[in-house]
Amino acid sequence: MAQMLSFQTVARYQQRVRAVAPLVHCMTNEVVTNWTANVLLAAGASPAMLADVQEAEAFAAVASALLINLGTLHQAQMQAMAAAVTSTQRAGKPWVLDPVAVGMLPLRTPFCRELLHEKPTVIRGNPSEILALAGEAASVRGPDSTQGSDEARPSAERLARELKTIVSVTGATDYITDGERTLAVNNGHPLLQRVTGTGCALSALVAAYVSTASSKNEILEAAASACTVFAVAGKAAAQKALDRNEGPGSFAVYLLDALATLDETTLESKMQK
Amino acid sequence: MAQMLSFQTVARYQQRVRAVAPLVHCMTNEVVTNWTANVLLAAGASPAMLADVQEAEAFAAVASALLINLGTLHQAQMQAMAAAVTSTQRAGKPWVLDPVAVGMLPLRTPFCRELLHEKPTVIRGNPSEILALAGEAASVRGPDSTQGSDEARPSAERLARELKTIVSVTGATDYITDGERTLAVNNGHPLLQRVTGTGCALSALVAAYVSTASSKNEILEAAASACTVFAVAGKAAAQKALDRNEGPGSFAVYLLDALATLDETTLESKMQK
Amino acid sequence: MAQMLSFQTVARYQQRVRAVAPLVHCMTNEVVTNWTANVLLAAGASPAMLADVQEAEAFAAVASALLINLGTLHQAQMQAMAAAVTSTQRAGKPWVLDPVAVGMLPLRTPFCRELLHEKPTVIRGNPSEILALAGEAASVRGPDSTQGSDEARPSAERLARELKTIVSVTGATDYITDGERTLAVNNGHPLLQRVTGTGCALSALVAAYVSTASSKNEILEAAASACTVFAVAGKAAAQKALDRNEGPGSFAVYLLDALATLDETTLESKMQK
């Protein structure tokens, strides 16, 4: 059985992030740069983005965590990412891999396999991506998943054991697993699928959260806390948008508001379904 | 005389897009990536963006349609675009050309002429761009048009005949033409000029709509339906923003909401001016 | 003592920008392209962005002003920026330098020193960046400043004298100085720190405003007017968001609204704290 975190645990990680304002170096796709930065800022973290290989490498000394997102990968970015991962490893800091649309595409798929050797602290993907990483046949159809997270959970757990890492597969229910212990996060709202880059931004938030963790178990909990905060904020935002007969434009705005204003009381009430 | 579509025709194409959720591969400018993706998602389509030449080429097999937007063209993107257009042609899928600021600029202007030989399914531009493509002297002043769409309509019709394609010139009134039959879409609201990338996003929406068409006449109607849905959503959004003494920030949010929530009744009432 | 502009002066520059709609060529970082364009459009200016070196160079003939922002600098962009600065200088048009995160990073730091020889019309940065440019030890921590603007004011004044330029250091209070005369702008709201790219967008707005100035003193006043309009719009937006228990998502939307709707009366009342 997948466990759920208590709201107190989630609130503890949320407070840590807000207190520390971890500096997350985001090497991400060009569609979501602005949105990812605003999600981090709303949640109390601090974003930084660099493109040049030398600068990306040098920045590991300053950053709290690194995010690698393969969404619009190109040759120069691939080199910068590889350098940043190496220097982040050397600095003993965590990094998160978001393997966007891995499986079929010719540049990212082999690159992603190389990155797996560099031991990402956390891998966060949608079910299709996690299935593809685990070597299962997955029907990838662009950046969106065609499978549910329940279907991908066993593969996530096996992948986590094999790579000795944390894998988070997100969907209607998010599963976050180290291969032995699996945490479940409910509350994912369908409106999250109607705004681009919600998964991408969540990966950045996971990087912010795990930068405050100091053991494998804390990393698991921190990653699940990031997923919980995001899902609960999404639930609150969706409720507000739907109450007002609004749609995904307003929802995205309210999601940022909710990430910034979410308190322990709301966390508690919304986590009880 | 330019004809207008009935709201039933527009609603039919809108339903098709929402039912199929066509996957639109957008190779667009860096200013509007996020906005374009959110417009597509709100309207019921599914966006995908790739930067690498090999990946862009491979993706034609999966995508429903391709958008080429020249806004921030650079060498590497030019190569990726050329490869993607070729493989899209080979796969027998439609592609839309948005010739941003064509006319004076030294990289895009010759590249755009090459692309015209590849028979875009639809060309969507503002009046200055369409006049420039047609070889008329147009006063291009950055990405915005200094001419009205009425002025550019004859050039659009001639261009459509010469290239055997559909040309859409958008402005206060949009004209969509195959050179013989010309459809008109009113309702364009001035606030659309106060948000960046509304034209760019409309081109992506046209790609989504024409991917559901199966004859030249359907392509014409699908393109005009995309323009109508966008204009009507813009009108609804502008009304809401102005009623509340708000401005272009709120308008952009409401436009996404309206694209997602627009139903046949609203379509009918708003299309009657 | 730092002076403050009268609301009449600020309103005069605001009217000029709205009347002329200056075309600002923004060579900026990939995180803020869309946001910067929307800020310019809301404020009555017209944005244009180009990536290719030849196109960037050619565009100086058409643009009213150029913005150089180093946020996600890479090799190809560096070349395009250098070409654009040279042709802008030759065309006798103003350009603004936003030296994002200058100080430690290996590509931008030497490049920024080269750019200083090209006599930027205005330099706008946060306190850490201005201290770094002035050769003071500054603790740069990503794109955000760890120092206050009061601390950086003497360095800004010295830098302005040495480079014979205008330096604007922004924070809770903005200082805009030619080294002899220093203008102060209050009203900076903390919520501006919770939205990415507010400083970057302000730099673009400064470029728009100074393009309407025709003497060194007017450039100083125009730059300070841009800072004032932005700060006052921010104050109005923050008030609205906080009144409604909203957060940074809504604030960013209202900021665009306020830039578009801000009139002389609001300017007057909000400038009196």
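Residue numbering begins at 1 within each chain, and the chains themselves are lettered A, B and C in the order written.
By our rule, a contact is a pair of C-beta atoms (placed from the backbone, for glycine too) under 8 Å apart; a residue touches a chain by one contact, two chains touch by 3 or more.
Predicted model, so just to flag it, every value in this text is computed and none were measured.
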Leftover contact groups, counting everything except subunit B: one piece
Between subunit A and subunit C the C-alpha superposition rotation, given in steps of 5 degrees, amounts to 120
For the pair subunit B and subunit C, the C-alpha centroid-to-centroid distance in angstrom is 33
Quick check: what residues of subunit C touch more than one other chain, meaning two or more? 30, 33-34, 252-253
Give the list of subunit A residues in touch with subunit C in this complex. 23, 30, 33-34, 37-38, 41-42, 46-52, 54-55, 58-59, 62-63, 76, 252-261
Can you name the residues of subunit A that touch subunit B in the complex? 29-35, 71-75, 77, 101, 104-108, 140-144, 193-197, 245-250, 252-253
